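Each in structure tokens, the structures are laid out below.
Look for chain A in each of the two complexes below; its partner is chain B in the first and chain C in the second.
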Partner chain A sequence: MSTEPFSLAKPLARLIEELHRLPGVGPKTAQRLTYYIVRMPSEDARALAEAIIAVKEKTTTCSACFNVTDGDPCAICVDSRREGSQICVVEDPLDVLALERSGAYKGLYHVLHGAISPVNGIGPDRLKIKELVRRLEGASVEEVVLATNPTLEGEATAMYIYRLLQPLRVKVTRLARGLPVGSDLEYTDEITLTRALEGRQEFHG
Partner chain B sequence: MARPRTYKTEALVLKGSPFGEADRLLTLYTLDRGKLRAVAKGVRRATSKLAGHLEPLTCSLLLLAEGRNLDVVAQAETKESFKALRDSLEALARAMYMAELVDAFAPEEVPNPGLYRLLLANLRWLSARAIALDESLEAALLRRFELRLLDLLGYRPELHRCVECSGPVTSAASFFNPRAGGVICVACRSRWSAGLLTVSPNALRLLRSLQSAEPRASPLITSASLREEVEGLLRHYIRYLLERDVHSIDFMDLLKREASPVEA
Partner chain C sequence: MSTEPFSLAKPLARLIEELHRLPGVGPKTAQRLTYYIVRMPSEDARALAEAIIAVKEKTTTCSACFNVTDGDPCAICVDSRREGSQICVVEDPLDVLALERSGAYKGLYHVLHGAISPVNGIGPDRLKIKELVRRLEGASVEEVVLATNPTLEGEATAMYIYRLLQPLRVKVTRLARGLPVGSDLEYTDEITLTRALEGRQEFHG
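Moving on, here comes the complex of A and B:
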């Protein structure tokens, strides 16, 4: 922030710079947050700082599913009530959260930590794909649910994983792609509509 | 308050990256304005009306509103979705490579309708043959795309006359000089100590015919060694011009490597 006409107090400048590094936080937001923190009660500010430190020091990635967790293996992997013969492959830890919120899935997960994005130089070797194959070789898994995003990168990742899993003779499924709840048919793109038609099911009204 | 100005355009989506809470920052190649960057608001939400029309490698009709920094997509409708590309990893990898090349070479907001039509035609072609893409056909397609792209951007390699002495290059052996953007005859070769690539007579003949061929009349490249030579030469020239690696090459090569020992 050296372009300021007067020199900003060093601790302020430092915090602005640190916050600016976060995704979605521009220079203005960083400044606003910094001044908000300055006015915060000390204990609140301390709690925020401690939470940041704790999240780095007390979390790790699960050695089985690679989700971010506070214990290894994670709570989902050790839960005996969960269906161990199903593995749901997702791009991101946040996707696990979304699926758990639905309450509709009872199996285990595998977090890839990204999707294949050739244009950005992210190939399969940068993701936890080899680990997935190794995990499947060592366990009696009946179904792998590919739950990568229905984007170009997500589809490429799903196709690539499907190909790798072929020799293992495990059942591979893909999350249905179709119309989101609350959407409008007339605005729907043709690929979504095609997939929705392909995946139509007998109606039990 | 002044009303935002809007304009319509036809665009190919080259790429998109997450932006803000639920937006995406798109790189578009438009028919009448060249490369543009625009924000698509809310497209990462499941109920977005725009999302499906703004996926990379889609041709869409857009209504854009001029913003302070970046233009914002107001409306979008798919014109062509190249659906078959999404069912073939190989075709997809190639299409991504083409999009990356256009993105890497094209300057922002410089219209180049020829380049737009080149990418569009090649995406159509790839999509139509996504399932049955054989190696010799595919090599011809990619090499022709590269040569046409270089042509349209002013980097057409000189393949007939020596870039040093302007004499015709006909001899059995010749050399390619990326710095001068063309071939060098044997006689002039000694003036350049480093950075030259040898070009076999077959490769030179092939490059010339690819450079001049009509889209539908591209020769097939049946010899594997010739394919590799011409691919290597053009990749080298492109890397020299861009001063960086083309990332999606790695994925294309990986697929090729993984396919050959198992299935061949």
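Moving on, here comes the complex of A and C:
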């Protein structure tokens, strides 16, 4: 960003730099957004700025499930309509959003805030795993759904948690691996096909 | 965005919505950015919010060239090292940035803030064209470089300005059309090839 022309006004250069620090926002995008904000009505720009401050000041993590929330415990944890005997373990708050959007899960969550990754120096202690075990010891949970990502790190994390939960005699499941809906068999990678074959289910016509 | 799960905390939903209003920021990107901001150190989030406010409060448009600036006249207009006899006419402030980055232009600018577009209801009156004519009448400008975009609208705008400037007997040029450097002749569209042929220049080996 130091190659900016000398003539760029300071407030512009500063906002370009701040936006450029966000993930997925390259220097060109940062420039485009900056000039867009310059032309926005003042109240809209202020609303954006205030929303950024508010998201820091008015959110916290739920002390039960560690999802990001504006109240503790969070809206899901206090919702009596949810199935309290199921806990779905995810890596990130965004995974909760994705699962909620499916509408197919009605239990509670537990957000690990990452996955075990020796390469990046992230051991189990950095994740909310101890807290999961403690939570399970204190409540009558019947099923833990492991919904970590289908990646090396996600799988390693799931395996670690699975072993840890063995003494608790709780049912541990994980999301099915298989063909994504709408995909094309021809272009499906071998590992996914292998998992889809292994997980094949009886057909009810 | 109304399909968000009911359980999403208000401050999160609000920031997702505000970010989603920015150009090129879809709902997924808005979510990702929101959760990234949640995890940012507070001072970084505050710096971003303040930069947004500052860009609105501390910038204005230069009363000479209409570029976005933090002082009026802008740093380019007051720079005595710049060639005051040349004015380069561009559609947007971002075009000034692009030309400055090339380092190949040392004159002044005039930002139109758009292009003539009957389809979008943008006539010449909505652009800083009157201001350009007035500026040329008051100063000893020798060359006007038309650097509007090589699009239908940009070309129409250039043609309009060209005709308007005829009585002023100022030299009017425009950026060359031709092959972009690093491109492949085989994949160049016909219009660009036609312009490249029309604009061919004597080869000095």
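Operating definition for what follows: the second predicted complex is superposed on the first by the 200 of 205 C-alpha atoms of A that agree within 3 Å, B and C clash if a C-alpha of one lies under 4 Å from a C-alpha of the other, contacts with A are read in each partner's own complex, and residues count from 1 in each chain.
Convention: a residue touches a chain if its C-beta (ideal position, glycine included) is under 8 Å from a C-beta of that chain, and two chains touch if they have at least 3 such contacts.
Model, not experiment: these values are computed from the prediction.
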Touching partner for A:194 - first (chain B), second (chain C), both, neither: first
Which superposed partner A:74 touches (first chain B, second chain C, both, neither): second
Partner chain in contact with A:42 - chain B first, chain C second, else both or neither: second
Touched partner set for A:183, first chain B, second chain C, both or neither: first
First (chain B), second (chain C), both or neither touched by A:12: second
Comparison of chain B and chain C by chain A residues contacted: C
Partner chain in contact with A:124 - chain B first, chain C second, else both or neither: first
Contacts of A:159 with chain B and chain C, given as first, second, both or neither: first
Which of chain B and chain C A:27 touches, first, second, both or neither: neither
Doubly contacted chain A residues - partners chain C and chain B: 23-24
Chain A contact footprint on chain C (complex, rising order): 3-12, 14-15, 17-19, 21-24, 29, 31-38, 40, 42, 44-56, 58-59, 68-71, 74-76, 79, 92-94, 97, 100-101
In the complex with chain B, residue positions of chain A that touch it: 23-24, 116, 118-121, 123-124, 151-152, 155-156, 159-160, 163, 180-184, 187-192, 194
Contact set on chain B toward chain A in their complex: 15, 17-21, 46-47, 49, 51-53, 55-57, 78, 81, 83, 86-89, 92-93, 96-97, 99-100, 103, 247-248, 250-252, 254
